[in-house]
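Below, chain A partners chain B and then partners chain C, in two separate complexes.
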Partner chain A sequence: MESRGYIEAFTPADGKAIAELRGVSKRFGDVLAASDLNLTITEGEFLSFLGPSGCGKTTALRMLAGFETPTEGDVLLDGEVVNALEAHHRPVNMVFQQYALFPHMTVAQNIGYGLRQRRPRLPKAQIAEKVDKTLDIVQLGGFEDRKIWEMSGGQQQRVALARAIINEPKLLLLDEPMAALDRKLRKEMQIELQDLQRQLGITFVLVTHDQEEALSMSDRICIMREGRIVQVGSPQELYDRPNSKYVADFVGTSNFFDGTVVEQPGPLTSVRLSNGMIMRGTPTEEMSNSEDVSVSVRPEQMTLQRQGEGLTVEVRNRIFLGEHTEYLVNHETLGDFLVLSPRQSEQTEGAFTVGDTAFVSWEDSAALILDRN
Partner chain B sequence: MTARTRNWLLLAPAGAWFLVMLIIPLTVVFIFSFGERAPAGGVVPAFTFEQYANLPARWAAFKNTMTLAPIGTLSALLIAYPLAYYLAVKSSPKWKTILLVLVIVPFWTSILIRSYAWIFLLGGRGIPALLDWVGIEGVRLINTPFAVLIGIIYGYLPLMVFPIFVSLDKLDKRLLEASSDLGAKPWRTFLQITLPLSIPGIATGCMLVFILLMGEYLIPALLGGGKVFFVGNALVDLFLQSRNWAYGSAVAVTLVVVMLIAVTVYMRLITRLGASREDVSIM
Partner chain C sequence: MRAYAVCVYLFLYIPIGVIALFSFNAGRHASQLQGFSTKWYGKALSNPFVMDALETSLIVAFTSALCASVFGTMAAVALQGIKGPVRTAFDLLIYVAVMIPGIVIGIATLIGLVTVFDQLNPMIAAIWPNGLTPPKLQMGMGSLIAAHTMFLMALVVIIVRARLAGMDRALTEASSDLYATPMATFRQVTLPMIFPAILAGFLLSFTFSFDDFIIAFFVAGSETTLPIYVFSSIRRGVTPEINAIGTMVLIVSLLMLITAQLLLQRGGKKPK
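Up next, the complex of A and B:
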């Protein structure tokens, strides 16, 4: 998190729970879209739901917004169960994936919509003033009288954002808000969104299937799979201590060697691979002998040398990435895997070329023994 | 072939149709309306305003048309909107198709036959007999403006339902969720989002029904029994029965003018309501 330039690092323990899912399940006919979700969302944090398509991210978000009622379990906002509380009574706002802006209203009318619904009514002048202020926050000053269809995709996204934040919600839900933007604009918006979140202090819950986006923006990430929450943690925790092969694969890149546990003498566990080879690594949970596991080694934790110990491999491909060089190497029985070599070691060892024979090694403790499912 | 000639070619069939079926007859009728009645029927060319001076004799037909057409349009709208809303928003996809078909089914038989059914229902042995039986006596329905109104609503309802259904059906449901998310209660969402976005459908439906109603003659003829007649009935009478073409033409020209004025006023109203001119697809 230091890399994000935080003055004070955020930890969930800092604040109070703003929202909570307690054993929440949601069934659509035969489809179990969400299954036993347990999650506490802390005031002021930036939390992301990350997972592949169809894993239930939107469903989770829609239950927080009040568009879906859980089949089982409780949704809490500010400590109160709100399962059946309709969306228009919840202090929660959502930025929709396709923005869902009102086509028959101007930009300013869209943004002021939430304030106009308040009862008792707010004075017109006060609404106009807040709309102006919010337009400035999202850098759309001067666009107030434009029609929605006169705005570009990126501008529409800002309008959608402004329309939500003007209400100062306790929770801002964003369902893949950047999916429709091109890469460059998406990067810009990611940074703006982070700035905005810090500036406003609103709790953000973002849905995405882009791991890079989740890693760069979130305080915490909630990884989902087939309707279940697999792991929740800071980007760093998930990267360094994934609790399963699924998470290690989803967060960053890793090499996996499948096998079964044979021995657990001390802090390290031994695993017999399918080719008979024994690998050692740090277990991530209680394990029993002969359990099916996967040994995970990140490419940057491997060293590639011309001579020495380790696996004998043949270099298959080389991609120069500036600070690092990525090698695709092949082992006779273990197959292909990736090694990331820092520039420094390139300079001492000299660059490998395709076809070279080399030796790959790593610290046993850097290898993680993960649940394979 | 230049784009220009291609455009002209595309327009040619419609243009020819328009000329032969609309412009020429209208011009003829316009010229006739200044003529005089020939002794054996038909028209003698002349230039006199005599026919127009005679218009008040047909005042009742104009009055009936100009009251029952707007009232019929409005009533059809009030009944069609909730129906279209239910079909588009509330019904499940499976029922939607079935119900839509049910709305069209009446079109499978001629309006003539269906109106005869109404003659029976509204006649002495129909609903009045039933009312008699429960103790409400002396109700006369057939050959009243009310009977004509019933016939109008019945006959034109599908024409009103469809455009409204289409505009409600293509309404993005996420807009309704967004409105609710921003704190609007359901009825405020309806007033601020659903209704304004269905104005194109309402406008099209009303225009369609109103224009057709202005020229209606079958329903008043059957359910009004010669007591409640429209301009259309007057025209049939003048052209086919009394063969007074000159006077008939003056009545027809007046009807066209009245219709043009009504439609212009209506367009003004709709544009002011926020729908753009292009939204009214029939124009």
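Up next, the complex of A and C:
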């Protein structure tokens, strides 16, 4: 896996810290929603909090926005502790999940809202001019006098975006902004959002439970679980070097074989699986013998052949995906797992059909030995 | 079952229908119809006692509805920020305030005000400069407005709170996220959104105050509101003039109730 080359779009060392969480915890009654969060957000990056619902990602976002104050630890904005600073004093803006547009105002009034709160007051003409410019940026020129309920979901999202970016915030927070959009529109908005982020240079912090969304848009992803940060890294890092079974399972698809460590002779570690079989793979951290671990092999790293080495399996299901074909195969003692076969190999091997017997193999170094928790 | 329902409605509405019908009676007596005429309406409207009572009723209804709307809205907004047992206690007290029979409010307000006035009047007289007649607190327009405001406030709180509860919390958060202070958020976001409910509360309050007899009878002192006037003139027999007044009050009340209902429906609908 060292052979893989990384193309890092962005590394945190590139810029200065615009926001920081230092040992932040948040308790709601008996519930610990966020626990000891430590994270530095760098100016200009696109960072995503990724995790299932209830993992604390929204709480983290709301603490950055100023809607919640941390029970412990410090939230820093631009180097200053802002724990008790109320939301309306923070140079941070948010795009809400259901957009939270003001229904009694027009599109232009919604977008100009933040500017109208400035004291001393800004001249009306200046606000109007900026609103016009922002409408153009989000491609809503000519919609200024529309009522909010006359706009489609995608347009409403642009209004919400415009209402936030017009204030040139230090941080733009996005709380599951695509959740209400249909799949096609979501794809388009993801691209637009990325373009916008590059164009404006504003730091974006996105909260999502959609791994695809996080992977395709973010410079860095912060994976959360049960109120804790599990791993922070670029999408490639998380995909290729997950630090736990949880991350490997959440980022992309993988096959897992549970077992215990038996030997660590060299760069590879041997694991005895529940069926007695020994599998070798690259350890992701220091491991001790007899530790419970999981061997993770990505479906695309597996090769499916009619003859040869490897595990003997029976093909259970075949899904044609165009560029690839996904096979669900069954091993007598290891159970079901997925193999992704590229088109070229189909041409040489011929397509497998349900019921065929085949052999699955992979490079030992491609298998990762992961902490099972 | 359907016949039974029809009977219930007939029982409820026939007396009202009869009053409206007899208000157009050309004859003097309320017991026999003698052709159509609107003269009793003219007579009622030109009667100085009726007009005086009407004026009192309108002033009382308008002022107490206004006070109830303002204080009720303030209470509803404040209650929104409270949770736990305190909230439950307030909720209960507000519902009780709406349920309490008018006669209890009437007696309680009367006794309460009279007691307070008896305590205050000597004090005011004592501190008043010599030679001048000190003002004397007594039952009248003021006590009437106070009593009405009290029971109408609970009504406004309930109506406005229902609207507030239906409002997306993210809207006020969005406003504060966009640098609006809590006061600015209330003025620019909360108030415009709950305004239909406040207006509906005002109209309902106005109607209830305008129609109220029981509480007014206890605390009005020497003032005569329209319901009190109607009550006292009935003792001299039911005339078509009374029927005409009753019909006019009915129509105005109905119009206000319908407007209030429309406001609540329209305000409650969320444009998507």
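The criterion applied here is as follows: the second predicted complex is superposed on the first by the 365 of 373 C-alpha atoms of A that agree within 3 Å, B and C clash if a C-alpha of one lies under 4 Å from a C-alpha of the other, contacts with A are read in each partner's own complex, and residues count from 1 in each chain.
Operating definition for what follows: a residue touches a chain if its C-beta (ideal position, glycine included) is under 8 Å from a C-beta of that chain, and two chains touch if they have at least 3 such contacts.
Only a predicted model underlies this, so the values are computations on that prediction, with no experimental measurement involved.
Novice: After the match on chain A, would you call chain B and chain C a fit or a clash?
Specialist: In the superposition, chain B runs into chain C.
Novice: Per the contact definition in the header, classify A:240: touching chain B only (first), chain C only (second), both, or neither.
Specialist: Touch status of A:240: no partner.
Novice: Going by the contact rule set out at the top, does A:163 touch chain B (first), chain C (second), both, or neither?
Specialist: Once the two structures are laid over each other on A, A:163 reaches both partners.
Novice: Would you check which partner chain A:86 touches, where first means chain B only, second means chain C only, and both and neither mean what they say?
Specialist: A:86: touches chain B and chain C.
Novice: Does the superposition put A:149 against chain B (first), chain C (second), both, or neither?
Specialist: second
Novice: Per the contact definition in the header, classify A:188: touching chain B only (first), chain C only (second), both, or neither.
Specialist: Touch status of A:188: no partner.
Novice: Mind working out whether A:98 is in touch with chain B, chain C, both or neither, as first, second, both or neither?
Specialist: A:98: touches chain B and chain C.
Novice: For chain A, which residues belong to both interfaces, chain B and chain C?
Specialist: Correct list for chain A: 65-67, 86-88, 92-94, 96, 98, 100-104, 113-114, 117-118, 163, 167.
Novice: In their complex, what parts of chain A are in touch with chain B?
Specialist: Spelled out, the residues of chain A in touch with chain B are 65-67, 86-88, 92-94, 96, 98, 100-104, 113-114, 117-118, 163-164, 167.
Novice: Under the stated contact criterion, what part of chain A meets chain C in this complex?
Specialist: That would be residues 65-67, 86-89, 92-94, 96-98, 100-104, 113-114, 117-118, 147-149, 163, 167 of chain A.
Novice: Across the complex, what residues on chain B touch chain A?
Specialist: Residue list for chain B touching chain A: 172, 174-175, 177-186, 188, 192-193, 196-197, 274.
Novice: Using the touch definition up top, name the residues of chain C that touch chain A in the complex.
Specialist: Listed in rising order, the residues of chain C that touch chain A are 168, 170-171, 173-182, 184, 188-189, 192-193, 270-272.
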